[in-house]
Amino acid sequence: MIRASIVGGSGYTGGELIRILLAHPEVELFQVTSRSHLGEYVYQTHPNLRKQTQLKFSDPSNISACDILFLAQPHGEAQKKIGFFSQQAPRIIDLSADFRLRDPQFYEAWYKVPHSAPEWLPQFIYGLPELHRQELRSARYVSGVGCNATAAILSLLPFSKAGLLSDQEVIRVEIKVGSSESGAEGNPGTHHPERSGVVRTYSAFGHRHTAEVIQELNIKNISLTMSSVDLVRGAMATSHIRNLSHSSQKEIWGFYRSLANENPFIRLVKEQRGIYRVPEPKVLAGSNYADIGFEYDPENEHIVSMCAIDNLMKGASGTAVQCMNLMFGLDETTGLNFSGLHPI
Amino acid sequence: MIRASIVGGSGYTGGELIRILLAHPEVELFQVTSRSHLGEYVYQTHPNLRKQTQLKFSDPSNISACDILFLAQPHGEAQKKIGFFSQQAPRIIDLSADFRLRDPQFYEAWYKVPHSAPEWLPQFIYGLPELHRQELRSARYVSGVGCNATAAILSLLPFSKAGLLSDQEVIRVEIKVGSSESGAEGNPGTHHPERSGVVRTYSAFGHRHTAEVIQELNIKNISLTMSSVDLVRGAMATSHIRNLSHSSQKEIWGFYRSLANENPFIRLVKEQRGIYRVPEPKVLAGSNYADIGFEYDPENEHIVSMCAIDNLMKGASGTAVQCMNLMFGLDETTGLNFSGLHPI
Amino acid sequence: MIRASIVGGSGYTGGELIRILLAHPEVELFQVTSRSHLGEYVYQTHPNLRKQTQLKFSDPSNISACDILFLAQPHGEAQKKIGFFSQQAPRIIDLSADFRLRDPQFYEAWYKVPHSAPEWLPQFIYGLPELHRQELRSARYVSGVGCNATAAILSLLPFSKAGLLSDQEVIRVEIKVGSSESGAEGNPGTHHPERSGVVRTYSAFGHRHTAEVIQELNIKNISLTMSSVDLVRGAMATSHIRNLSHSSQKEIWGFYRSLANENPFIRLVKEQRGIYRVPEPKVLAGSNYADIGFEYDPENEHIVSMCAIDNLMKGASGTAVQCMNLMFGLDETTGLNFSGLHPI
Amino acid sequence: MIRASIVGGSGYTGGELIRILLAHPEVELFQVTSRSHLGEYVYQTHPNLRKQTQLKFSDPSNISACDILFLAQPHGEAQKKIGFFSQQAPRIIDLSADFRLRDPQFYEAWYKVPHSAPEWLPQFIYGLPELHRQELRSARYVSGVGCNATAAILSLLPFSKAGLLSDQEVIRVEIKVGSSESGAEGNPGTHHPERSGVVRTYSAFGHRHTAEVIQELNIKNISLTMSSVDLVRGAMATSHIRNLSHSSQKEIWGFYRSLANENPFIRLVKEQRGIYRVPEPKVLAGSNYADIGFEYDPENEHIVSMCAIDNLMKGASGTAVQCMNLMFGLDETTGLNFSGLHPI
């Protein structure tokens, strides 16, 4: 059994990690910390876990030795204490944004502050198995992924894998997201009367997750536009790409088919009838799938590529556990088989 | 023109008052105060009012003389300064809970603190025109109504008017409410991911609005149970009454019909077909109507009486303006003709 | 391995059965029928199941022999063909309303038509393990439960078990339900613009599920009032009971505690702080838990008892699989461990 | 008084027309037709209008002479009977798509069928006052606008007016829409359990409203991508434009400011703080405003231009009444002053 602990368990990604690891057949969930909920039962914060665990939140400064440590703290925390944490566990997965970018200058350009532990940056693997499966098998330090970055990357990956992404023409990615992306701490804009029913373009460009897409896909000419919609879980990327290589509809279909075939959590959704013809986040709540699909307008060589995920699963905690599975030589899908619900 | 000012304009009832009074043909909206938004344009807080007014929030301590003052502050504030406010305006409508109950001991029993200005209590009329139309015409001090109390009272009023309410058997009132009842300040439970899709029985009994129902209908044996549902505006009361007087279905219908005929904002909704057969709050957003209806089970002498309102309109600001109209000898419906929307 | 088939797999309870059985470690899902989607992949109708199964919908008249047959057809269908189905499988669980009531006259009184196979009624066990666990272990024919009946029954069961339910005073049960209760076929009232944001009291009394509550709890003086709210999955019962036995708060707590201790899927929710203090359906989506709780007003001897379930799980397919587990001597919780999600 | 009648009053645009015209100070609403609801009270279909009118739906073939006729039928109907209708009223506003495009071949290219009354096309003015105010003052035949076209056009109009739109680089418009765009007749995809919480990219390109944008802005290199989100009323266009003229941020601001200054229903929303910094459809429900705004990324010369509307008001019935006002020499805003609600 893998002995795993979680630092920062009262937030949404922390709660999702707890849920997955409690049901994971190869894991013993050992400690879960929370300073603000210290001593309380985990199920008081995450009511779905009542009768599933009697764990209480413990003090993050009293973390004991374990096989793997998941860090699920607010951004900026992990980099301050990575030295300490690395002494508690031989393997670490940090779900914050702290170790996603390899280059300290690139980090500073996007996060507007210097990194506190730049020497650690090259030691971390960007934890998206669809990109780094092989390196993850032997990794000790893995960074979680940005949820919006994940949706954007996976919507573009069929073309990236085919060597067809270029900086010649700008790629525009429109992302619609649910309210759980705001985290467990509310703000005036997430108060229900103000957040219900919104279509709120809160970041027209310059969202920090853009940096991950640039780094991982090795392109520069890309913009992400983020809008909040009325949904709790889910991120949906719609990417607009020019078909500069003049690939045929059939070839494009092949790029998607290959990606779906090679990755257990990628599904190609492209139906001619029924209600669910294209990827949609709502049926993914709780699942680790990323649904991809596309429409192609040959007249204008316009490709509209879509990727839907559950931001807390494939966009955060699910992918982190998928990485853990790889790091420990387990089947990649262990403990991640929940299909999602219909209807929901 | 009636010169009106509002103390406490940044909250939801304050915002709704501003909206109504700006469009009211007989009112000049003079001052609107907000300590927290001092100096900001009203439309920055209430974005629907952009291009409708250039008013800025002013300081509540600099209130100037006017014809009528609306107080829309948090509960407990008005009673502290009623003396000061009464010097600024000959007529006052207080929308808080401070002056709804006539008896200081009754107030203390329900609000758990002694009233700060008990001598003022008998001077206020409970501002529900369906109950106190005549007194309101000559009133100087009027209390706004509790939204849940309004829905409960109006669901029972057909029987009360017929002299058929009694304390012989308990009356159970189930009320479902939207999130705007929480006010403009959020709390952890109104954070969208936690509030979206809820059915949350947050007050099984003992809700303070119960006191208003007891006072106004002169009954004691009644309980209100409050549940939050996924809706922004709206309160829906479903009251369970025993038909102790053995009235016929037709007689009961007559009680409702009379109430609807005698009151411009009461509508009887009881259709045999179509989608909208019973009162529903969603079609009332922005309107001052209270929709009432009932179902009668003769076998068990069980009457299910329903009343739907917009909690910010008929349950607060709309009714307050209706009272103002009466106080100034205007037609009761002036400035309150908005029909609500369908669909919404 | 248990070979299981499902007749009527394109509806919501059918889809939920497929989802559970595909992941059930002791079951081989053999056939799933649907006349309207004949030959289509199951995942085209239930998009969550893509990549989880390659099953196609087959013809209900070509059902092959199997160990257990789940019938998930519209009400009225199973009773017409129960003879045929009983030849295909030694064990049957019918999720429709056809075999829930034991007495043909009682059936006719509530369903307004004579039963087509009254001789089968006594052979069926009402499939709620919290009531009939022992009988279910040896049952061959089991009826699924009504979702609203389940919520109502479980909210009253702590008192029923204690022998404290009586017909002396009416018990009022207010039930709020999500839109999935309407089934997969829409109607004018479920069109999103008309159904979104509703609080619609669509059945003031006389709902057919009332009959199940009367039969199973052996009381008569009870009414169920049903309201639709904006939610997809979930049923929430709030029952109003007079504490006629003058039980103390502590004794009442004991009734709930016992029920939760004796049943793996019953949880007692009664917290003093945090967001989730009472049972709420939204955190139950996809889970088989029934969350129960109460508030007690000693002054009026008024008990407000609550029960929240996922109507498609504990209120239908989850409980059906729980019954199957009992019928086959498996651990009752096998394949039903999903915890639900937070947030959602 | 203007005597106005409506053909096709049971749909959503028809209902909205009725609501506006009933409250319009210069209009007498004369007849409202509906074949499917013939003889029923208008308020049975549009429950917001109860107590506002006793009108019943009449037979469309019995239309009497009136001053202006609004046609609010399904697409394809008006062109079949335009001759008949033109004999009943000297002025017609058709809200369907039938007379929006001037060129019959262009119509056929987008609608895939030949137009039945091509000779009428040049007689109709495209009824968007922000584009054709002067012509509308003397127009007899006016076409209503497409809701998505309106949002797209108004998001681009600041640049079009400045002469800065070109076909040099593609303009991508992402539009998110509420469920009322589906019309009053449901389809399987609008069933609440399937439509609630969606982000559904139902038209990646090629949406028919694109044709109106091409015609009215005189550009070709543009694509519209449509997604359904969980909202009843509202359309939100986010347009991505390259700043090919190298305008400064201040100049761009000027384009928007001018448009807002010159048009009573255009508002510029661009705030540095608060919740409502950018245009959002939810606060526009029931109002005729179009809120516009932008963000400019000088580094990439990327302009993100936003326009939010209520699809049934500014995107349909509100604009139609605005046109009527112009046609009859009234103030353009008469009867259209409703501000929208906050919160909602």
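By letter and in written order, the chains are A, B, C and D; residue numbering begins at 1 in each of them.
What we mean here is this: a residue touches a chain if its C-beta (ideal position, glycine included) is under 8 Å from a C-beta of that chain, and two chains touch if they have at least 3 such contacts.
Since the structure is predicted, the reported quantities are computational estimates derived from the model, not experimental observations.
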{"item": "Cα superposition angle of chain A on its copy chain C, in degrees to the nearest 5", "value": "180"}
{"item": "Chain copies touching (chain B, chain C) - same or different residues, decided at half shared", "value": "same"}
{"item": "Centroid comparison with chain C (C-alpha atoms), farthest chain", "value": "D"}
{"item": "Chain pair with the higher count of C-beta pairs in contact (A-D, A-B)", "value": "A-D"}
{"item": "Whole-Å gap separating chain A and chain C, where each centre is the average of the chain's CA atoms", "value": "35"}
{"item": "Whole-Å gap separating chain A and chain D, where each centre is the average of the chain's CA atoms", "value": "38"}
{"item": "Between chain B and chain A, distance of the C-alpha-averaged centres to the nearest whole Å", "value": "45"}
{"item": "Contacts with 2+ other chains: residues of chain D", "value": "12, 180, 184, 188, 193, 196-197, 230, 232, 280, 343-344"}
{"item": "Residues on chain A engaged by chain C in the complex (per definition of touch)", "value": "12, 15, 19, 22-23, 44-52, 180, 184, 232-233, 264, 267, 269, 271, 273-274, 276, 280, 283-287, 289, 291, 337-344"}
{"item": "Touching residues (chain side chain A, partner chain B) in the complex", "value": "12, 178-180, 182, 184-186, 188, 190-193, 195-197, 230, 232"}
{"item": "Chain D residues within the chain A interface of the complex", "value": "170, 172, 174, 176, 188-189, 193-194, 196-202, 204-206, 223, 225, 227, 229-232, 234, 236, 238, 240, 275, 278, 280-282, 295, 297, 300, 302, 304, 306, 308, 343-344"}
